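In the two complexes that follow, chain A is the common piece, with chain B as its partner first and chain C second.
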Partner chain A sequence: MYLGYLIDKRLIGKDIHLAMGCASCHKGNDVAATREEAHKGLVKRPSDNIALCARCHGKIADKYSKSLHYTTYGQRHGIMKRLGAEELKRFDDKVFEQSCRSCHASCGSCHVKAPPVGGIGIGLIKGHKFIRKDEGKTCAFCHGGRVYTEYTGEYGGRADVHYQKGKMCIDCHSKEEMHGDGTRYLSKNDVKTRPACKNCHKTGRETKLTARLSHRNHEGKVSCYGCHSGGEYRNCRDCHVESHSQAQPGFALGLNPRDGKTLTTLRLIPTARDTFKAVGIKMERYDAVPNYWDTPAHNIRKRTPRTRSCDACHVEGKGFLTKEQLIKNGSKMNDKLIVKPKPLNR
Partner chain B sequence: MKKGVFLPAALIVLLIFTVSGLAASGKGCITCHTDGELLKSLYKPPVIDAGAGEG
Partner chain C sequence: MKKLRIFALISIVFLFLPMAAAARDVAPLVTTDWLQQNLTNPRLVVLDVRKVEEYKAGHIPGAVNMFYGSWAVKRGDLLNELPANDDLFDTIGSAGIDGNSIVVIVGKNDSIGDRFDMTRVAWTLKYAGIDNVAILDGGQNKWVKDGKAVATEAVRVKAKAYRGKINRGLFVTKDYVTSRLGKAVLLDVRAPAYFAGKEKLPFVPKTGRIKGAVNLPVGQLYTPEGLYKDKAALAALATAAVGADKTKEIIAYCDTGKTCTSWAFVLADLLGYQDVKVYDGSTMEWFKDPNAPSEP
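Presenting the complex of A and B:
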């Protein structure tokens, strides 16, 4: 849409970035007589070259160049445990560099122009203004398949209570987390500045006695999401190099595969046994890790069927992952995530 | 020339000269990219890659 390329006239002369002239970042030819000549050599996403922003924003740019949004290492880390050494080399060459890495966010993806997804984008966020944040036009585009739509309720369930109270992504996922702390993390789970419910919700300060007792009894055994996820969230399955994954709503409680002891919400991930068959990767260690992983479901509610009644879990076992629900031909590790609710002593 | 044909033709010629003239003055990018109507007339919709997925 042409509006996505329309610059707000009022910014000219006011914004220091624009004062440097278009060609200082975008190259091209700003004295050309025709559209074609003007766009010859044009750099559409200048901040893909992070050194450009580093000219003035050196510290942030240096940290950001090592952050997960830029390196996209998280996607590689998730799959590498399933691959043999030779397969990993092939994966890096045929998949990671050509596909995963193309998804990285440049500085401009969050601060200037909304990232296009599937070739569709809204273009400039605010007439080429360098904005601090606009989660609905930035985060939502890349994370709109799962968490953002869960968060806003657009996926069909009820919206996250934090969203209803006016909180947006950056209120929990701080700019320090987004820009990175200079460490080249391999997974979002390792990031020290990632949010935690307890940063705001300290245990022992609950106004209701029942809530205080429940938190005390379940601490270290059940994650916050385990009880406070409002319901079904999006699960993707059967992703292949040549065809994309299928999505469906689902809810599953099981053991967190990272620690093997905490009950939490599990999300089915889209990697199937033959996901990379088309590029000659069999995944010789496919069964080393499960297909279900702990997920911070972004549909938090204060009251859910599990907070209202002990029976929901301890008698009825609602939402607990069962052997019958497991995907067909999945990883052998999936079985280890199944847990039976503890009966109540009445 | 009929009035119904002359007017649009004149407008197109005027538009071409305006665009090229302003572009040649060194303010080409700003001239086009701040004028909604002009940009609309020059815009070519992209070819959508139907295979791209979402995260």
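Presenting the complex of A and C:
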């Protein structure tokens, strides 16, 4: 018997959601005599209709309905700069609404049943208990392709020091960030409640002089990730073109395409030129934005080759993106991200 | 000049002589009953090396979490390598461990592979100068199976500034192994099919074993319930494979330097073999060199 599909009877009565009865959310007919009759009108994923949760959790549901987790606008925002006006309309109709939007997280995806990815899921998180959080069974699925496995070290590199110290997603990415603040953001970069290293780690109070000087000298020039990313992180190589997508480990330092001046870790997000060929979109403005984007690599370490030695960057130029490394047939904007490390005045 | 050479030779011998004979205040393998009775010992640190998610789902009361990946890292293309000494000391200190601590390592025991996390961490702690290291026989699974109390609140520890003496001889390099071929006992702890060159893991460049190695598979360490066999049974297995001379140099290896710590720990800490080393690079590194002596 696969218990994952059954409600743990001990939970009924302890949880107000379950005490209201199955039909309260799942509809169907809870006084019917036969299985067929009972299941007529059954709603498998009740929280897909956010209004259902809003009956009791009105404020959160209202904010959540505008959050990036629910709208998935971030995916659209990443692509739209490559598309002409007509192409964007076609993209919205043929791709975003039919494909990207299917990835939205409902309330239940984080609080009841782990989200299936690629059609595979683990089912109920804890016997249909309504849980507050369980990052390893929720965040880990949707964000498991890159961030989560980087964070825990399971991707093959070194785990993030915050994970080593027992911190999970919610410890940095607050409830307010997860649920949204009521603003319909287009990109995660606009979200005001997203975490920042400096929220916890103030510079200028370091006990070691070398650390204090390094932070002061690189302030505004290099992102925290630029020095403290522990090593290789996951880089996509293609975009579900033909049969599958592939990722490879990589590490690249270059200019942040959003400000054009800060050195930071870049992640390859290729959006191959023929990604939407099947739906008749050739991406007429493909070269308007690069294929490498600033990334908050989730493999932070106190000590890295770059924090141990100035020479790692200033003499050896280790990890700096080069023209030879750029993907073939990529955006013409990629070249603008390449930067050469400045030599030291000794 | 001659005196200088003798001094250098003696220094090298001491440098690579493991600290197997160091005094212990705790048995190398402890039972769940022993641990339960000693949980209030102020010197005790119960070190849970499972993933953070597993620890938060339920752990031994008072246990601190420092998951396996904190103790063994990927370096280049080699898995399960030692962290840099300063990182290792930070990890030890942030787990609340110091030179006076009695550390009991707790891992999971769902499969045979899980058990080696505990011995690799134990060997690493010994390398970093912590003498009183033990393993909870059966790990967290046995604790739960025995119906003992479980906590879910993460334990916050006061970090200590730890700087210990590194026992460099506990982990050896490819060059050192090469220099000891035909002199030391090379102990291959992999399954017989791997030892015989019939099978290999995908990341190991080729099949075979280091030339002259003897085989003592890790599968022989445990009872069907996943606990360590009793000392007499383990001693008989060890004697048959590496001999009864407790002073002979033994270099254990596997594929990545993790699995072999199981027999290394048992030989050195339970059975009293005085000169046991681990070849960290193991076959993953050895067979990258086409000229490295191997057989069959």
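Structure notes:
The working rule: the second predicted complex is superposed on the first by the 328 of 346 C-alpha atoms of A that agree within 3 Å, B and C clash if a C-alpha of one lies under 4 Å from a C-alpha of the other, contacts with A are read in each partner's own complex, and residues count from 1 in each chain.
FYI, a contact is a pair of C-beta atoms (placed from the backbone, for glycine too) under 8 Å apart; a residue touches a chain by one contact, two chains touch by 3 or more.
Here the structure is a predicted model, which is why all the values come from computation and not from measurement.
Legend: residue contacts after superposition of the two complexes on their common chain; A:G157 is shown touching chain C, with no touch to chain B. Once the two complexes are laid over each other on the shared chain, residue contacts for A:C142 go to chain B alone; chain C is not touched.
After overlaying the two complexes on the shared chain, residue contacts for A:A33 are found with chain B alone; chain C is out of touch. In the superposition on chain A, contact of A:G166 is made with chain C only, not with chain B.
Of the two partner chains placed by the overlay, neither chain B nor chain C lies in contact with A:K277. The partner that reaches more residues of chain A, of the two candidates chain B and chain C, is B. In the superposition on chain A, A:C22 contacts chain B only, with no contact to chain C. With both structures placed on the common chain, the touch criterion links A:R101 to neither chain B nor chain C. In the superposition on chain A, contact is made by A:I7 with chain B only, not with chain C.
By the touch criterion stated above, chain A contacts chain B in their complex at residues 1-3, 5-9, 12, 22-23, 26, 28-35, 38, 103, 117-120, 128, 142-146, 239, 244-245. Put simply, chain A touches chain C in their complex at residues 134-136, 152-153, 156-159, 163-168, 301-303.
Contacts from chain B toward chain A in the complex involve residues 19-20, 23-30, 32-34, 36, 39-40, 42-43, 45-55. Within the complex, the chain C residues that touch chain A are 51-53, 55-56, 65-67, 69-70, 73-74, 84, 86-87, 90-91, 94, 154.
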